[in-house]
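Going by the order they are written in, the chains are A, B and C; count residues from 1 in each one.
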Amino acid sequence: MKKFNLFVFLLTFILILTACNGNEGDQTGAGTDSEGNADEDVVTVWTYPHYEGNEETGQQSYEEDLKDLIAEFEAENPGVKVKHEILSWAEGGKKFTAALNSGNPPDVFFSLFDEKYVNTGLAVPLTDYVTEEDLADLNDFGEQMYTYEDQLWGFPHYISVHTWGGNRAMLEEAGVDVEKIQQEGWTWDEFYEIAKKGTKTVEGKEVYGFVTQGQNEETYTQLMMQNGVRNMVSEDGEFMFKGDKALETLSFLERLRNDGIMPKETGGIDPAKADVMFNNGQAMIYGRTGPYKIRENENRNADIDAGKVDGEKIDFVLLPLPHNDGEKENAFGGAGGLMLFKQKDDKGEAHTENAAKLLLKLTSTESGKLGATLFIPPSRQSGQEMYKEELKLDTPNGQFVQRYITTLTPGAKLPEAIVQNAGKLKTESVIPNYQSFIIGNATAEETVKAWEDYAKTLGFK
Amino acid sequence: MSEVRFVQVSKEFEDNNKGKFMAVKNADFTIRDKEFMVFVGPSGCGKTTSLRMIAGLERQTSGDIYIGDRIVNKAHPKDRDIAMVFQDYALYPHMTIRENMSFGLKNLKRPKSEIDEKVTEAARILSLETLLDRKPRELSGGQRQRVAVGRAIVRNPKVFLFDEPLSNLDAKLRVQMRIELSELHKRLGATIVYVTHDQVEAMTLGTRIVVMNQGEIQQIDTPEELYKNPKNMFVAGFIGSPPMNFVKGRLEGNTIQTAEHVFFVPEHMLSTYKAYQGKEVTLGIRPEDILNLEQLTVQPAHNIIEPVIKVVEHLGSEFLVYFSIGEETIVAKFNADYPVKAFTKQQLYVNMDKMTLFDPETQFRIS
Amino acid sequence: MIESSQSSGIKTKRFTWENTKQFFRDYGWCYAFILIPLILFVLFTVYPLVMAFIYSFQRYSVLGSEWIGLDNYKSLMNSSVFWTAMKNTLIYTAATVPVNILITLFLALMIFPLNNKSQTFFKAAFYLPGVTSGITMSLIWLWIFDPTGAGLLNAIFNLFGLDSVMWLANPDTALFSLILMTYLGAHGAGILLYLAAMGGIPKSLYEAADIDHAGWWSKLKNITWPLLKPTTLYLLVMGIISSFQVFEQAYVMTMGGPNLATTTIAYLIYDHAFQSFDFGLAAAESFVLGFIIIVISVIQFKFMSTDIEY
């Protein structure tokens, strides 16, 4: 028996050793393999299916457009091969996270900026590769979004902005001058009065003045920005969702819910549900949405005309988030673009340079099509110029977007020391307590108190 | 009164392979109070089905079944006041012996003191006292058998039903349990219905025996009667060990002419067989009625044959001798004091005073 | 092993070169055959396990982890969220596993007396939904639980004049909603196991019980249930293990919310690993979870295992 155990033990031990070695060997092996031809440098890019092809308009899918750009790039850069992968929106993030944390991220990856990526040490700053002309062409907000610790970590395709949306017919029925709001904005009180008018029962069906998702704290966070508070945690480690400002914002939401302007089930409404309710005419104003909804709505109207979809056509208008009296409009937005990475087994400076070149090619002026197709402003001035037709800059909605993105401000870039705790504060207190608040289980006061207490335990001021 | 009565009871089964078939045909009998009635027959003869109909585990297709004075045609097993011992004992594997034996009484919601008393009593009768807190799997086959009996006893039913209870035991234990069951019957004075395929068990245990074949009752009688006066060739061939020998022949005057021999029929019997003069008959002779001539002090005049012995089987106190008459293999049972050797010619005496004649057409005994 | 070494003429049990040679001459082939699954097992089970164990004492970073001793374990013990997740997981387990076993048993009892054809039909009918992807099922459940009158459950509630319930959005009902999903979920595998076990109980036991005056309930309680105990134990242990690891529902249906009401340990592990990149903490949580599962399983086997023979 003893002997038998000894054998098994030895065998297992030896196998573990070989397995470990083998594993590492495999990784390097695979690396050289995929490079194939020794003179060929293979650069990988992972991105998402930003838009689908459309047979009727003859529009290419994003992947087809990407392939065209890659083909151009390969022609311009002999000796460099590009491998691309289109991830699924649902699983792509997880796949990238796993790849990054095991030391094998793709060279180029589509992502909003995330400090955590930089903190792994595998993100590569673009600063040395980007030209003066590129930077001059880039929208300031877009540049700020990818800047962290004085370095540029990515190059955006587009500037995205969150807005609310409205049903023009219903708004005008309530006597609202839509263009005026689009150009000048509105206060919480003005919004309240308008939304109240839109709240009614039509043919036994509840129509709400305002519908928004209540699964997380997003609506609250964005309203806080219209109340002078840009960030949950400031760069010097102060918790900002506290005191009167927080209370005022929560009370505003509480009033909307209690007065029936917003459904009392808001806590159970997710973004998709809010969208469905708006399309069904159950909401006059809904949030949040964005310029992309214009394209979506056009397609939906076309589908209704073609008899593919049942429903009423909607004249969709973009609306700014209302701001508290005395505070400024401050749009929430971001920049979507490509970030540059290296691998744990660094493939060398030449490889990184090729990857950076590819990144800039894929975010060049032509790539403004990505934003334009989605009706999101491209991040390059030259791109906006090139696609001004698609962006409908002459329409009220188009002009509103142009105006509204000027109110964007970048969020706080938290130092490494507090990033993790800020994340914890958000997932372990801000969101959970907001969820309790929005369904009416906790008052505004209790919610703010709970946040403040938890922030203290995590060491925030 | 714990009588069991079958009135024209039949049972039909639907079988996927065989289609419809009659397991029991028009059974009509009475098991008397306190009787030890054994059902015997080859497998598939309907004996177990009859027992299960008494238990209520099978419902008869037609006819009436009485237990006592009551018709129990539609009564549930628990309402028939019977107890049954199964071939595989059917002990509840997860219960102790005590729990196994008291399960029925517990279901009847009898007071605990009464249950304890009855279980203790049954355990004493069956020498199970030291085993009461064990589980069935810790017991030997014979002990399990006794537990199964004990489970029946505690209930004090009108009728005990045994379904081949000894078939899973080894030969020695079987003999011992046979004796115990016999004693138990006397002690309990209960009506027992017992199913077996083993005719020795049937003969040793039964007050009366029901011999069945292919769903039909062949004969119901005491062991002695079955042995001496079998109603037909089936019963004659089934009862007795080894079974009765049959030789085909013709009744001519006071002789029976077979292919090789002439046997003389005793004078006093001839009148019985008058109707068969000159006709084909089957002569039945039990193995013990064929004697070694050396055994006899007086040399008989007739009925001596001299076959070549083919096989000799030693059983200790006696041995079995096989030889042929015509195409039939005949077996004789001899006392061990007079050995015979195989492949020798041996003079044998056939005791025709004990012979039986059967009608080869109907297979019934000629009487 | 001892026997075999004696038969091959080696008397001592000492580990010597001679022994080794003889041993491999006798048994070399066995090891050759075992080697392949063993390598796979080591590569895909042992190796990750060992690495995860090491990570649990580190602050993980892809470019060089830092050894921090027991800090991960300390911080999870001090984390109120971890204990909330623990509580949620325990409630979920206690509310799902026993009830689901009873539901499964009940369905199996209903199916068992049927003839072969009907049995096959019901077995398939109960088993097939289990083949559907969890995500698809979750989408249907999201519709059932819709907080407005558009949802199936609330539509039924409204029909009876009851107010709509925010099933998944209310911390008081969210965990219960996930539990309810399991009650109406796939019991197919359990039913098959129970049916097989029922078929293995000798018929004569029921006949003996019939004669022993046992009614339907007494037979169920005293014969069927005890004799199904090995199957029940198996379902219980497997059920508890899988419900301790419940993740998918919490992830797809509620993202652990609202107010952490559906944050289970497995969800927390996911959150810490893939949202916070805190792989060390996640590994520590995994080992705590694994330890709890092992302890509970051992206790169950100790108290419930029986070797029933029939």
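Everything that follows uses one rule, which is that a residue touches a chain if its C-beta (ideal position, glycine included) is under 8 Å from a C-beta of that chain, and two chains touch if they have at least 3 such contacts.
These numbers come from a predicted model, not from an experiment.
Enquirer: Count the C-beta pairs in contact for every pair of chains, then give the pair with the highest total.
Expert: Ranked by C-beta contact count, first place goes to A-C.
Enquirer: With centres defined from CA atoms, tell me which chain sits nearest the overall protein centre.
Expert: C
Enquirer: Report, in whole Å, the distance between the mean C-alpha point of subunit A and the mean C-alpha point of subunit C.
Expert: Using C-alpha averages as centres, the distance is 36 Å.
Enquirer: Centroid of subunit A to centroid of subunit B, CA atoms only: how many Å?
Expert: 91
Enquirer: On a C-alpha centroid basis, what's the spacing between subunit B and subunit C, in Å?
Expert: Centre separation, subunit B to subunit C: 57 Å.
Enquirer: Quick one: in the complex, what on subunit A touches subunit C?
Expert: Its residues touching subunit C are 1-4, 6-7, 11-12, 15-16, 19-20, 23, 94, 97-98, 100-103, 116, 119-122, 214-216, 263, 265, 267-269, 273, 344, 420, 423-424, 427-428, 431-433, 435-436, 438-439, 441.
Enquirer: Taking the touch rule as given, give the residues of subunit C at its contact with subunit A in the complex, in rising order.
Expert: 1-2, 5, 13, 15, 19, 23, 31, 38-39, 42-43, 46-47, 50, 60-63, 80-81, 145-148, 164, 166-172, 255, 257-260, 271, 274-279
Enquirer: Applying the document's contact rule, which stretches of subunit B touch subunit C when the two form their complex?
Expert: Residues 55-57, 76-78, 82-84, 86-88, 90, 92-95, 103-104, 107-108, 137, 151, 155.
Enquirer: Under the definition above, what is the set of subunit C residues touching subunit B in their complex?
Expert: 202, 204-205, 207-215, 218, 222-223, 226-227, 229, 306, 308-310
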